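Shared between the two complexes below is chain A, which has chain B as its partner in the first and chain C in the second.
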Partner chain A sequence: MSSFIIARDLPEALEIMGRGEARIIAGGTDLMIHLRQARLSSRQAPPVILDVSRLPELQRLEPGAPRPFVGAGVTFHRLESDPEVARHLPLLAQAASMVGSLQVRQTGTIGGNVANASPAADGMTALTALGARAEIASLKGYRECSIEELVTAPNKTTLAPGEIILGFTVEEAPPAGQVFAKVGRRQAVSVARLNLAISLDPQLGDPRIALGACFPSPRRLRDVEKLIRQGEPGRQLWQAAGQQAAQHFTDVCGWRSSAVYKAPAVTRVTERALERAWQALGGAA
Partner chain B sequence: MMLGASAIRVGAQDRATGKTRFGFDQGREGDLFLVCVRAAKGPARIKSMDYAPALAVPGVVRVFTAGDIPGQNRLGIIPVSKDQEFLAQGLVRHYGQAVALVAAESREAALAGARAVRVELEDLPGVFDPAEALAAGAPLVHADRAEGNLLKENRIIKGDAEAALARSAVLVEAEYAIGRVEHAALEMEGGRAYYQDGRVIVKACTQNPHYDQGDLALFLGVEPDRVRVVQAETGGGFGGKLDVSVQPYLALAAWHLKRPVRMAYTREETFLATAKRHPFRMRYVSGADEEGRLTAVKAELLSDTGAFASYGLAVCMRAAVHATGPYLVPNVAVNCRMAYTNNTWNGAMRGFGVPQVALAHEGQMDALAAALGMDPLELRLKNALRADQATATGQVLKSGVGLTQCLERLRPIYEAWRHGLSHGGWHRQGVGLGCMYYGIGNTGVSNPSTAQMEWLPDGRVVLYTGVAELGQGSDTVLRQLAAQRLGLEPEEIDLCRGDTDRTTNAGASSASRQTYISGNAVLNAADNLEELLLTGARELLGARHLDLDLRGRLILEKGGQGRTLEVKEVARFLASEGREIKAGGRFDPNFTALDPATGQGRPYAAYAFAAQCALVEVDTASGLVKVKEVAAAHDVGRAINRRAVMGQICGGVMMGVGMALMEEYQQGSTDNLQNYHIPTAADAPRVTPLIVEEPEETGPYGAKGVGEPALIPTAPAVAGAVSQALGRPMRRLPLNLERVMEAITTAEDQQP
Partner chain C sequence: MELIFKLNGEEVRLSQVPGEESLLTLLRERLGLTGTKEGCGVGECGACSVLLDGKVVNSCLTAAWQAAGREVTTIEGLAGDEDLHPVQRAFVEAGAVQCGFCTPGMILAAKSLLDQNPDPDEEVIKNALAGNLCRCTGYHDIIRAVRRAGKLLRGETS
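Then we have the complex of A and B:
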């Protein structure tokens, strides 16, 4: 039997985490599934489950700040419905709106999405494209790192025992041409077969592309970004970028059976997302 | 209340407010909990089993193995193919088969006990593909069967298909395939059993309580009267609750332990340890003349029953009978084979093989239309079966042949959609059609239903029926029929349902048979009750030859004048004489068995017909298909309850969308609803149900059935629509991302 503790404030939460045997619960949309599986297979449940969902530090949401901040405990539903998020971080709003079901979005959090480290996590791919940095606290102090540094493999992070993700900062508000694309096996409540986060600026000086559910860990497609920086906006460039994205994918993952689908899908979904991001900036289709 | 009106469903409020206690919810404080120990591989030989460690787990009361079964450890719905071992007996025939049963004071203890049982298994060679299973030298799934791995081969031979094909102006030849599908009923299997006065009482979810009673008696080695089965409220079946599931385990444990026991499958167990829809591979050759009239259809069908027969015989025969679709086909050669493999078993699921063959016969109609340059709807209309024409089995249908009406109802919608198709940079739309016919009730065998009606001295009227209500609405419809016949309101009739002590056998709630067959049995019981009351009235009046009429609670002399009696006076009179006012009814559809060599005969008394039209949009960047609209025209004979009919149609369409686009059970990788996808509300098309009422002479007030027909045309219509959108025939289901993307890229590569 696990004990369930609702942390009243951050120092208390850090103190409990410091003892080293607590698992964090925020929305619980991943943890509850793990706990059920543990119960059915007679595996030990974690001795302590620490609820961080009421910590004010994790609820902070400042998308319009000079350094935008999104608390780890902010739910997807809040991200998809907050007008300030839609204005300043549309990528995150779009990604949040495509997570699971409304029920899942009302309880699932962006911090949990990253900490669970599923390669298909929609929120994680969006944060990666935004170049977000995770703010992490423990009894030893604070640290910051990029999403790519934080998540290293499926369900693996560099979080040390005792650490809590407080939230994510974005260095500067990224440009407005932002598109999040997701492909699942049905219209809703599906795990991404692939997801893609793109932001473009009118000069194509700082394009950012992250492709999810295709690699073991979050990944910016820097070769594709370079191609875009050096190209002329238009259909040919978007097509070439799509092909380069697929090339990147097969270079990293090889021609596994899933590539028969994913390679053409990455090509096409990337091309379309770039087309739409450019349109969002007012460019011609 | 008029017949055909939308009576509120019996039990609807309890379901909506969460008060209903389903089989899964049965169980009280102090019940023991049962959990199966399942083999982690198969086929395999059980080298040893040590359950002492399980008995050492606190709370574990007992571990049962096959040796504890007092009776026959071979069960199954079809009497000639009972082969399913509920606890493995030396051999594990498929992965996940139960090898032991743990009873404990709590679910947690039972789970821990089940994990503690040490089972040593030695791999045996297995076969997992039906074609390989039928090849010479394949490992035998049941070594004792003289026919080897072939469960059944059914042929339908009419005319000379080869000769007719040779003479045909156009021929189309193609292969079709469809995988296994899980029912995914909302309620997982569950129930409770206890022992009382030398009998075992089992209350569980089921589609067929009287069958359960017989098989449980066999299992325990006792007479059926030592077993009472009560149907718990059942949260969906779709064929998945036709086989017994938890019932034998409940009965076995209650019998030995003399304590109340409870069992409830997890979603994973429902996936692993209940039947799936049979997968089919189908090879068709169809011919037509210059005008588009079908000349012949030749079909080779192969399916996989898995490790046990379950409903395999029925599915094999029904698939063969329906293989050519609802069309006039003068020359037919169908061969359908069903093989055993070491897969988990397949069984009944909404449509019994007909949804599978419909994919093929409709794909063939589209291919013929393309070859002939004809409109697919016109081609179907030209070939649609009409009254006084013969089916593939040579059965001439006299009434209730409503396919042309269904197609005509669809026509304006179909034409509007075809003219309004949009194709953009990243999407393409298409329209497809699906037609079907479906024989009501079991194929070429007697499948009677019985019912009773009673007029109690206090004025209440009771309908006794063995019909299992699963959510399909039989409680409501049967009560409506009884009320209509007696001139009462449905609410005036109490229902006593699904209890082997109090009701008699109505057969399974399957094969879309209960409205037609049990509906007729209920009407027969109502007629007999009326006769009993009128006879009583004549005796009371001392006028033996008086011409009387029952009108609700009054008995009138025919012709208008003369005497009027209240039924309660008659009831009081009969009660004073100690006579029960209870009458039975029975109905068995008129049929002939199929000729074993040619499959010719009259396998069903009535057929439902339907045509559906689907509008889809394919996302050509991702391969994801959205079914935007479905119009569904169904000839139901007569809608007894319009809302229930529309509910069946909408639900069937949804299930068909799942089958068409995303559902495919793969042992080991789709083990619950997280990785086996069924459609969500966001995947639902807008459905336009169109009710066609072409009366069936033998039906209750002309009614047939709609439960399975609702599903059957959807997947073919969706497949046809996607084919049209992409310009390539889509003949393998489901149309998942991979298959659609392959078609998109292949089509583009082939463009000049």
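Then we have the complex of A and C:
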């Protein structure tokens, strides 16, 4: 039987985490499934479940700040409905709106999405394309790292025992050409088979593309980004980028049976998302 | 430690609630409120939907302790002594109930929507109910019921 502690402030939460036997709960939409599976297979529940959802530090949401910040405890519903997020980090708002059902979006958090590290996590792919850095606290102090450094494999992170993700910062306000796209089995309430996050600037000087769900961990497509930096904006470039993205996908994952379906999907999703991102910047299709 | 929260308007105090227990298990097995259903158990079907501080959540994915100090509304808390809640009435009148298993969750999701948006269009209704699965027949009459409930709540029909 687990004991349940609702942390009142961050020092208390860090002190409890420092004892090394607590599992964190924020929304619970992933953890409760793990606990159910543990019960069904007669595995023990963790000694302590620590609720961090009421910590003000994790609820902080400053999308319009010079260094935008999104607290780890912010729910997907807040991200999809906050007008400031829609204005400054539309990529994150779009990704959040495509997560699960309203029930899940009203409880699930962006920090939990990253800490759980499912390869299909939509929020994680969006943060990767934004170049976001996770702010992490423990009794030993603070550290920062990129999402790619934090999430290394399916459900594996470099979080040490005792560490809590406080939130995510974006180094500077990202450009307006932001698009999130997703392919699942159906339109609503589906787990991504592919998800793609794009951030484009008008000069194509710093394009960022993250592809997720089809890789074990979040991944920037740096070869595709390079291609875009060197090209002329327009349909030909978006098509070439789509093909390069599919090449990148098959280079990493090989030609497994599903690649027959996924590679063309990667091509078209990338192409269309780039077109939409360019249009969002005011460019012609 | 006692777990204290408000359930359908009344304070509940419970001791010895394990940290890993879901709100769904607590409602059904500890409190005997079986109107809240367990379908998939993993947050996909919405049969276990309840309102937590007025927002619809899956009680199977909510730890019982997350309700501490908050207000939980289940299907048992909607009707008055004599009358059904307008959303319940609309479901009956529109024929939106077949086997009834998904109905409590559907009604709570619809109530949560109508509390925030009294006159939603069909797309908004579909989006709000996307997390509630009906496997009997379909969603046509359910959507019709939500529109009717909106009218009842707005006093446009009786």
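Everything below uses one rule, namely that the second predicted complex is superposed on the first by the 285 of 285 C-alpha atoms of A that agree within 3 Å, B and C clash if a C-alpha of one lies under 4 Å from a C-alpha of the other, contacts with A are read in each partner's own complex, and residues count from 1 in each chain.
The criterion applied here is as follows: a contact is a pair of C-beta atoms (placed from the backbone, for glycine too) under 8 Å apart; a residue touches a chain by one contact, two chains touch by 3 or more.
A quick note: this is a predicted structure, and the numbers were derived from the prediction, not measured.
J.: Once the structures are superposed on A, label A:188 by its partner contacts, choosing first (chain B), second (chain C), both or neither.
T.: both
J.: Considering only touches as defined above, state whether A:265 meets chain B (first), chain C (second), both or neither.
T.: First partner only, chain B.
J.: Which holds for A:60: it touches chain B only (first), chain C only (second), both, or neither?
T.: Neither partner.
J.: Quick check on the superposed pair: does A:41 touch chain B, chain C, both, or neither? Answer first, second, both or neither.
T.: first
J.: Per the overlay, which chain contacts more chain A residues, chain B or chain C?
T.: C
J.: Is A:107 contacted by the first partner chain B, the second partner chain C, both or neither?
T.: second
J.: According to the stated criteria, A:25 is in contact with first (chain B), second (chain C), both, or neither; which is it?
T.: The second partner, chain C, only.
J.: After the superposition on A, what does A:4 contact: first (chain B), second (chain C), both or neither?
T.: A:4 contacts chain C only, not chain B.
J.: Tell me which partner A:33 touches in the superposition: chain B (first), chain C (second), both or neither.
T.: both
J.: Based on the A-chain superposition described above, do chain B and chain C contact any of the same residues on chain A, and if so which?
T.: 33, 39, 101, 188-189
J.: Considering the complex alone, what residue numbers of chain B touch chain A?
T.: The touching residues are 108, 111-112, 115, 266, 268, 425-426, 620-624, 626, 661-662, 674, 677, 679-683, 736-738, 741-742, 744-745.
J.: If you look only at chain A, which of its residues touch chain C in the complex?
T.: Touching chain C from chain A are residues 1-4, 6, 25, 27-29, 31-33, 35-36, 38-39, 45-46, 48-49, 51, 53, 77, 100-104, 106-107, 188-189.
J.: Applying the document's contact rule, which stretches of chain C touch chain A when the two form their complex?
T.: For chain C paired with chain A, touching residues are 1, 17-20, 22, 41-44, 46, 49, 55-58, 60-63, 65-66, 68, 109, 126-128, 130-132.
J.: Once bound in the complex, which stretches of chain A touch chain B?
T.: My answer: residues 33, 39-42, 101, 183-190, 193, 260-261, 264-265, 268-269, 271-272, 275, 285.
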